[in-house]
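Here come two complexes built around chain A, the first alongside chain B, the second alongside chain C.
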Partner chain A sequence: MTGEDTPRYTAPADLDGVVAALEGADEGTVLVGGGTMVVPAMTHGHVVPSALVDLGRAGLTGIREEDGATVVGAMTDYASLLAADTDRGPGHPLRLLARAAAGITGGPQIRNRGTLGGSASYANPASDVPGCLVALGARLRLASARGVREVPAQEFFLGAFRTARRPDEVLAELVLPHGDALAWGYVKFKLAESSWPVVTSAAAVLAGGGLRVALGAAADRPVALDVPAPHRGTADPAWRALVADGAARALADRGAAFVDDVLADAHYRAAVTPVIVARAVEGALRGADRQERGRA
Partner chain B sequence: MNRIRLNVNGEDREVEVDPRRLLVHAVREEVGLTGTHVGCLTGDCGACTVLVDDRSVKSCSVLAVSADGARLRTIEDLGTEDDLDPVQRAFLEEFAFQCGYCLPGMLLTVRELLDRDPDPGEEDIVQAVSGNLCRCTGYGPILRAVRSAVRATREADRP
Partner chain C sequence: MSATATDRGTGRIGQAARKRDGALLLTGGARYIDDVRPPGTLYAAVVRSTVANARIRRVHAGEAEALPGTVLVLTGERARDLAAPTPYFIDPLVRGARRVDIRCLEPDRVVFVGQPVAAVVADTREGAQRAARLVRVDYDVLPHVLDAERALEPDAPRVYAEWPDNVVLSKSYGTGDPDGALESADVVVEGTFRSGRTTTAPIEPRGFLAHWDEHAQTLTMHGSCQNPHQLRWMLSATLGIPENRIRVVTEKVGGSFGLKMQGQPEETLVALLSMLAGAPVKWIEDRRESFLAGSRQQVHRFTVGARSDGRIVALVDRIVADAGAMTAQAGWAMPNMSATTLPSGYRVPDCRIDLSIVATNKPPLSAARGFGKDSAHLVMERAVDLVARRLGLDPAVVRERNFIRSDEFPYRTSTGLNIDSGDFHGLLDKATTSLGYRRWRERQREARASGEHIGLGLALELTPESSDSPGSFVSGFDTTTVRMSVTGSVTVLTGVTSPGGGNDTGIAQIVATELGVPLEWVRVVQGDTDRCPNGFGNFSGRSMVVGGGSAALAARDVRRTLALVGARMLGVPDAEVRDGAVVDPAGAGAVPVPEVALAVLTRSFDVASGVEPILESTRAYKPGNIDHRPDAHGRIQPYPTYSSCVHAAAVRVDAETGRVEIADYAMAHDCGTMINPALVEGQAWGAVVMGLGAALSEQLVFGEDGATLSDRFKSYLMPRAADVPEIRMEHQVTPSPYTMHGNKGAGEAGVGGAQAAIANAVEDALSPFGVVVDRVPLTPPAVLELIRRAAQEVAP
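Moving on to the complex of A and B:
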């Protein structure tokens, strides 16, 4: 306990209740999803709420199909994402999210509790979810008393722990379009089991033969870039140089740069990025290859 | 203060908590069951693991108010000195703990694993304990204990 005034606590029973609870909310109003990040942040005084809105009773869970997209409720936990990843093609958006969910740091306790929408809203640059949502071209559905709006993932993440969500809005759903990905690869590079990653990369092999790649943990916000297929293999120095240039340009375009922190300096992150992208691309190429052989 | 109801190890309890109160503190101080340990308070170490509606959670990362109406299972419910849970027996026989601080969380995590999948593979076992930090054993004896608990469960299930 920190001695500040006790925050007002509400746990609305549905989305309308959440929207009503958020009317006129300011920065001090804290939304609690699974709690795995924001509750420890409260314990350590990094977040000091004047009001708490608990989403745990509001529904906002579940996965459904809608006009060429998969729509995931913001309170869907990682364990549910893993359970939902059955009988789907390697290019399905849930396949990438399940790959990321399987590697979430912190064990089954975090997969049981941590949510897709919570991770997006908290916007820790080192989390798996922001980079994956950018790779997927996801749209984030924000609800408030003023209505519902959709924000593309790339515009949602504004910086470390900063998003386009306004204080009176709640992230209700995430829309994952079924794009032209044939298969996904995902690599999370971390130096110890319980550490945050240095760089994450999601990669898709696209129907037209190109590659889409997203980088997480490298900068204060995730970025996506298109990369040509590695015709001489992912170890080809010329291809790796293209990846390195593309990553630097994609970051610069978003006003971002490789970050320095206790895990790695910016120079190291820049140097390791083409290697991690190459590994993610190899995973995606293997997935596409298996798919191709399965058809033959 | 918020009044909340919890069913803890089969017993209905009602406690009053500040909305910022962590579930681990409510379990230890308001409910009075101190087998659940406070470790890092950052969600890393897993010493505070309890089962909420049969799913393992780190109770330092859950507000007590969020658990209103939930069914909790803590280490106190796992077995008795005379009748250990097979997971407890396996950890004892394989010397899978030393200081014991991580043990309540470790045992409940493994219990959840076996309840969900009585025959987990090696990768499942490693994944299951990856959210529980042990700084004594180096994990070798822990992995042996989980495999031994799996064998014991399989043999007990044999008709």
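Moving on to the complex of A and C:
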């Protein structure tokens, strides 16, 4: 690159510095987390930023407990999520994130670079994190010179690569409330190892016997589904039909539709959605069952 | 033969010597084309068509030229005055096909999205790309056609307005009376098969660095390419530079698979840009550009007849091959080999194969590993399975009943190929034993009871190798120089090149063995037209057959001189060269080869008197079995050797999502004598995995406007480690009677058999649904669609 095209680069040492660097920022300002997406995009000239704010030195890492919730720094990488998944109950939010992190392809380089906050902010519909955050009922803490606000995951993801984050805001932390989940199930369905996910589903069995289910990758944004407990098993065609209806309704409510792309058309995504949800629910039920037997 | 892939030995023929450049490659020390950076290098970017069929009205270069850093913008109009059309690697006229002029930049029209229309040279790669984006082209857009069958319809848009239709070549192959044989057959089965459009996707894309030296009037071209000598000839033809003023140098190549055979527009283009810029100009293909090159897309409608015992009596196949736009590269000719490789290694004397190669407004075919032969196996192996299914016979049994027997070789097939040797029954036995075919059949029964869908698939793959195409630079011979210095060190200069597979190691093993010196003394130099003898590079599994054969002949010449002079030094009548010494076979003494070499080259009027004082020989090697004199049916025989293999696959199909998991995989492989079993296995694994990708996930997808949509590795899905089980590899060695060491070509076998075995296995798994597999790739959406369609047919 020649001098006049070189974007302004800053690597603030803390959150305050990031917030200051972003003051008055516009769409041309690009935040760099792990850089796994934005750096290749810049290399190919698809993203030409006027300013770069590198979060690499700003801290924003670490996992702590806070008022019935687990708070994860936005710069926490997948490897750290995997390492944090010890001695937690099967219903703990980190168990779901660790499950998702375990399926991140690209090897140690990506697991050590890619971050939870980066993936959320990038909002690629075909990725694990958005759907998981919706399933977890996560709140995304956005900081700017105007202060800090929290946005529920459902409202954060507006569409493909579009979020509620304003150009002068940085995603600082993700708040994962400890709900009534007994166990998590997660299924990422891909056409082959190298493909983007085509449909993902995260499911929790709740203390009252109900389910909480989210669907990712199927549409341009993740959605939560209303799914009844499968009394005749997850293979029951009648229950599968309810799941399919629930998915269609959830997408319609959010003004979204099944994605039609180079990997799979919308019909295919619609057809496998109840299958993938059923498998995620099946996993959650098994987890809850194991816990039940462990207690007994 | 007791060779194994782990016996590294001392590097003689048959031992698994380590790849000579392995350490360099693994430590990042190898030099590829992009590592060549002479001072003052400028960078090129290609402006490509954004429409699939159009007349070019005007090219606006002003904005690009005004951008700081831009050195020049070349349009098609100007390029036409400076460079002649690119000569074809395989001239369509020689094959009875239609041709068009292929230019480095199209001045008047474009016929596919991605066709080069202009080029930019700038001081950086990024600058060149930015300037390229500023070049605007006005088009008069014409209707386009993307489907080959649609392109055959009378009212289809015409790819080339001057042609009466879109047919590149229409030709029939085969002998006998297939219609009569079908009439008298006990069963007749019809089928359709469609193969997707795939690409080769080497880890290193194409790239060239051209340097025109105005003072010396010489052109030096560094390239990641397979055929340096053909490239030199081509540059001479397009740019009017005498061949002896052009030097082509191939650096390390990070995979080719046919993509880097000569004939692509950018070759002339980069050289021309260097002449215009008066500086070295480099162009490295972007991955998106690399994804333009297509391969394999064909539709087959076939009919096969059999007796009730499973003996196949006739095959009729009508092939429509989608060539995309025409290319000067060898790719357009691949479908010919789909036709002639039928009916593979089966005894089917009555065949008719009608081939139409059809132009469409998609990017051209590039040569691709398998070179069309792979598609023949898809059809033949599907036909065998359909017969087995119709008759309720096990597919293994039907294969046994139809294979050419090992006592029938050489065997001339209906399409004219003269198969040199083989033992297909032996391969089937090895593959099924290795897989545990019977055990898997039991598992399949048990699994069905619990609603799980396991399937088994078999496939024979016959791979004609080391081809010679008359009147083209597809050459069935090659040339090697072996040169020994006064210190005994050996330099081998060969006309064959390595795409990275390691044939340099194999050639060094042959020279070391034939010369009688340690492997470490031998250095192989490839891919430099100023240093290596005239040759043809790598394709068609030829490198060890003709590169190895010519190296052996040259090494034997040098060895004879060493033995003669060495015997004099020992004072014995005859001597042998062994392990780096000239020895008296009676055991009376030995003299080290370096001392003999020194004597030959410094005592030529003394101990070496009467001996021509040269420890160097250049020899060409022509294998047997090639015959271009047409027989009574007009058939020619372009291949010396026929490698063979049998694949056995076990798959699990998820009937709810359509996803196929390869549960187990075995390949029994026969390429005759293995010069280096580890290199053979490396090639075979790679070819199988390439076939598995074509079978299950790889597919070029186009938008309605003709743009390639699958232009990243997240949308063009190549297999990863987790997609492929550990392949069980068995070897059988049936030496070829027609080659120097009994070896046959290796490296292509795997692509076709893997596709066929997977297609058969998926159909077997889904037989409870009544599914008939009629396509690859069997992506999850495709499999679900097959299940849905079968259900509709059962319950309309």
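Just so we're on the same page, the second predicted complex is superposed on the first by the 292 of 296 C-alpha atoms of A that agree within 3 Å, B and C clash if a C-alpha of one lies under 4 Å from a C-alpha of the other, contacts with A are read in each partner's own complex, and residues count from 1 in each chain.
Just so it is clear, contacts are C-beta pairs under 8 Å (C-beta built on N, C-alpha and C of every residue); 3 or more make two chains touch, one makes a residue touch a chain.
Please read these numbers as outputs of a predicted model, since none were measured by experiment.
In the superposition on chain A, contact is made by A:262 with chain C only, not with chain B. Judged by the touch definition given at the top, the superposed model places A:40 against chain B, while chain C stays out of reach.
Of the two partner chains placed around the shared chain by superposition, chain C is the only one that A:271 touches, whereas chain B remains out of contact.
With both structures placed on the common chain, the touch criterion links A:193 to chain B and to chain C. Chain A uses residues 1-2, 105, 193-194 to touch chain B in one structure and chain C in the other. Note for the complex: chain A touches chain B at residues 1-2, 6-9, 11, 32, 34-37, 39-40, 42-44, 49, 52, 54, 56, 79, 102, 105-110, 112-113, 193-194.
Contact residues on chain C toward chain A in their complex (touch as defined above): 68-69, 124, 126-127, 129-130, 656-657, 659, 696-697, 701, 709-710, 713-715, 717-723, 779-781, 784.
Note for the complex: chain A touches chain C at residues 1-2, 45, 105, 189, 191-196, 198, 262-265, 268, 271-272, 275-276. Chain B meets chain A in the complex at residues 1-2, 18-22, 41-44, 46, 49, 55-58, 60-63, 65-66, 68, 109, 112-113, 127-133.
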